[in-house]
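Here subunit A shows up in two complexes: once beside subunit B, once beside subunit C.
And then the complex of A and B:
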């Protein structure tokens, strides 16, 4: 069954698959390192040209990209911290307690997955205006975490399901409070899942666009997604500058993801096949 | 990474286990869920309710305080609008194509990466890269690659001697939706492949070998040994890809804003356009409610379908 020929075909297909997955990212890098003349050449330049690295220096100088990236990072970290803080206790409650309304809570958490951000943005705008959250990064974090908390609650609940009750009981006999048990005993056991959940929330904040576009108005509070999108269809900025911003926005995210992907994939798929 | 990640999370919670035997205080669970309940009530529940109310009014973005109750008029207008019929059709087409293509490609990738080979770990990591790229960046790079005159796609097509000329993908009403679909599938298929790879771990070696020994060809082995195991995962993936496709905004908005002449206008794009371009908040809210109803119906169909399948398998 396993002939050398079939192995070669398989490896060739894998190479095609990986090239297709990576090419657009590669092309973004190449374009960001292409001279203005070559951008519009008849034959595209297929390799990055290191002598065009000054393009990045120009991009820093001419656009607010560093500020945008900083804002995105603040929103991402804020979304991550807030989501985790809010999700821990309900995750534990869903896993360990039986109570009236548990099914309803589960349904509500799932139902939030169906709500498009674009639909909630108008009423959120009105609420934010009342709460003085308009045009603040804190407001963005609050809006974003509302979408990540349900997901993270589910992930953590799944992990806590797998923690044996016995390790809690010993602590209970010693008179520890429920909160002590959750924070001191259960959380350390589910730390890998917690890490995966954190990454997911971080990426949500890093990628988010609709809220950042509508709930924040000041130039200096723009996130990278909004900054980058503002160049699409705009003709006065050279495409290698746009792509340089794209690279600075994408590559850190991809690199970070590759470093932690083992955790994320494990945390994400845990239990998914039990269904 | 996209919203894709979230799915997994919802999946992770699928093994119910009743733990609570303690009765320390019947209010403890409620104290535990109170902060999150309050938070979601303010930032999701209340906005959703206001949208529901808004959908029965005529309200302008410019003067929201002057809302006027119009009953079901917004819904009636949508029901009789041929433009809205085309929005529904495009949404259905886009969603269905996303489900089929992302799962088919994800399954193909998962099958390729399932068996051991040198560098498998690296290949599995690299194949998920599209999913880690921010959607706005993905939209930007694909818009550039699909550029009529200078885009790499048209260069390659020309090299391959396709008679396609310098097609302006995103400006052509016939090609814009396929182009958006292509971009979307590139971004989300890795998620399907990661989840299906995990599901493939559950395929029984014995069944697979037995089928192989019987001289079954690859397709039959797949049908007998692989498909029954991964089928529930495929169904769940279909549900999630459907829900995400119904609410996907950034990728489409950045690439085409729903154009050209509405060719890529899905429900969410229509909703946003009515709210922020024509500034009719009431109509926009009605579009949102219709979209939400569709998502709910799909979810109920999924649960009905899985329960029916489970019962059928139980009888077998």
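And then the complex of A and C:
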């Protein structure tokens, strides 16, 4: 039973949690619009100063942020597309087929998540050097996808498990081949999960730092995460520039999430079978 | 022509025998009901016909063409699932049109946008749209063509599933308990609708159910199954009036046929201490039993209740009275005769009698029961098989 008091407590709790989550972003925006003189003032500036908007223009002009964002976008979208493409069929196979070593395969997929990226950097570097994948965005996409494919495979497997087998059988009788069923029936039914998996892969590619720092050497192939870190100097760090880049780095990711979030809703299978 | 012939069809799951050597011929245009309890293999048999399960051995022919090696889509059969199995991401129109779209499907239909346009083009083509709309009209779905399955009621979803089957105009319709998810009233309405559909569209129907009312009212023939074996294959009337064995006798009919233990002695049957003269047909059948114990199978409506004390009557006490509207079902515990009802929950020595109207009897009342042996059948006590005059003579 909802009482006004419990509603108020609930709202207050939500506000506190939201503030905790959103304050760093707000602080990033405020700092990016703070003059150099005020950056280290005793009483920090709590509101953004619109007159400092030129800081963004300067950042655009003096840094390669647009190029970095473009590279990040290529890596993120590439990681997302490659991961989804590579995960669909194994996820379907793990969900629907019985074969020798199925349990082991599932475990091994999970086990890849136990290895930290940093541990794999050196062997990956050696392999990429031999395969001429060093210093290419394609190589970076491949390295990122190696980490996202197992996760996405498991997520999609879980969703496919929930698709009633009768729907597939109906499709077989209606004339669908196995691949027709996967592409035309199963994937549209698990579309919300597919969208969620895309978000995971996209953000992994967008945020990734260790591989981007190690496997890509050229300035013009730098991703935004590496570009952003390059401002952190031994003696000084232009905080407001870093924050301005931080804002620009965050916005496309937010836009992507807003674009796909409407698909990340449950209930697509409702009504297909009695349940 | 779509007669279905099964030659020695069997299905094993590992060591478990799901279907054991079935031979059966279903004539073109028949409405065959596969009836039986859960786990008897009726759905497995239907799925083998559809091609969703492969037969371990044997052959399946449809219209003279061997189909057991063919994929489901090449068998020209439509399948209606118990759970509807509609495509949730498609409208009712697309669900119904889907089998027709698949007939013209090309690999590049998988390309996003391009494939969507191509499928829409097929869906809107005069041939397909007319057929879809005609089917929708038949099933009163016209208003719902642009809705999604999740917005429909159970009965409407089942009608969409029927529409998807009808639109293909297949030679054979396969239905796996299509009404079991509906409430009693809707089930009754849909039962009549499917029967009308069979009369209207023709074709051979194979319908799986565990509901004997559906089987008796819809089927032109019934195959009653148990543990992967067909117990009896015949018309509803044959199965009701001439059950092949005690299992069929007890499965069909509500309440089921009473089985009273007895002995044959010179043209008479001894039921406990009561001796009753056998009619000519039963006496001929009884000759094969010799002095072996038999079971008298008699339907509850062939037994009449009388005041105690008359000749040729079984005596007992009323143990339960159920009033079912136009008739009453009276359970009587026999004093001197035994029954052979071995189902779970059956009370030893208790028989069921149906009487017209509202019975004023109550539990504990002593009663006499008069059997009408002209409607009775005899079974072997040891094998449970029906004793028949012809077989008795042969034996």
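Assume the second predicted complex is superposed on the first by the 231 of 275 C-alpha atoms of A that agree within 3 Å, B and C clash if a C-alpha of one lies under 4 Å from a C-alpha of the other, contacts with A are read in each partner's own complex, and residues count from 1 in each chain.
Quick note on the criterion: contacts are C-beta pairs under 8 Å (C-beta built on N, C-alpha and C of every residue); 3 or more make two chains touch, one makes a residue touch a chain.
Keep in mind that this is a model prediction, so the values were computed, not measured.
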TODO: Using the touch definition from the top, say if A:184 reaches subunit B (first), subunit C (second), both or neither.
DONE: second
- [ ] For A:143, select first, second, both or neither according to whether it touches subunit B, subunit C, the two together, or no partner.
- [x] first
Open item on the list: Under the stated touch criterion, which partner chain does A:221 make contact with: subunit B (first), subunit C (second), both, or neither?
Closed with: neither
Open item on the list: On the A-aligned overlay, A:13 touches which partner chain: subunit B = first, subunit C = second, or both, or neither?
Closed with: first
- [ ] Go through the superposed model and pick first if A:69 touches only subunit B, second if only subunit C, both, or neither.
- [x] neither
Task: Touched partner set for A:84, first subunit B, second subunit C, both or neither - done: neither
Task: Residue contacts with subunit A in the superposition, subunit B compared against subunit C - done: B
TODO: Share the list of subunit A residues that count as touching for subunit B in one structure and for subunit C in the other.
DONE: 172, 267-275
TODO: Over in the complex, which subunit B residues touch subunit A? Could you list them?
DONE: 1-3, 5-20, 22, 24, 26, 28-30, 32-33, 35-37, 39-40, 42-44, 46-48, 50-51, 54, 61, 64, 108-109, 112-113, 117, 123, 125-130, 132-145, 149-150, 152, 155, 186, 190, 194-195, 197-199, 201-202, 212, 232-233, 236, 240, 243, 246-247, 249-250, 253-255, 268, 271-272, 275-276, 281, 284-285, 288, 291-292, 295-296, 299
TODO: Please give the residue numbers of subunit C that touch subunit A in the complex, ascending.
DONE: 50-52, 71-73, 77-79, 81-89, 98-99, 102-103, 105, 109-110, 148-152, 154, 157, 164, 168, 181
TODO: Note which residues of subunit A are touching subunit B in the complex, please.
DONE: 1, 7, 10-11, 13-14, 17-18, 20-22, 24-25, 27-28, 31, 39-40, 43-44, 86-87, 89-90, 92-99, 102, 105, 108, 110-124, 126-127, 142-143, 145-155, 157-159, 161, 165, 172, 178, 193, 197, 199-200, 203-204, 206-207, 209-210, 214, 224-225, 228-229, 231-232, 239, 242-243, 246, 249-250, 253-254, 257-258, 261-262, 264-265, 267-275
- [ ] Mind listing the subunit A positions that touch subunit C in their complex?
- [x] 164, 166-167, 169-176, 179-180, 183-185, 188-189, 191, 267-275
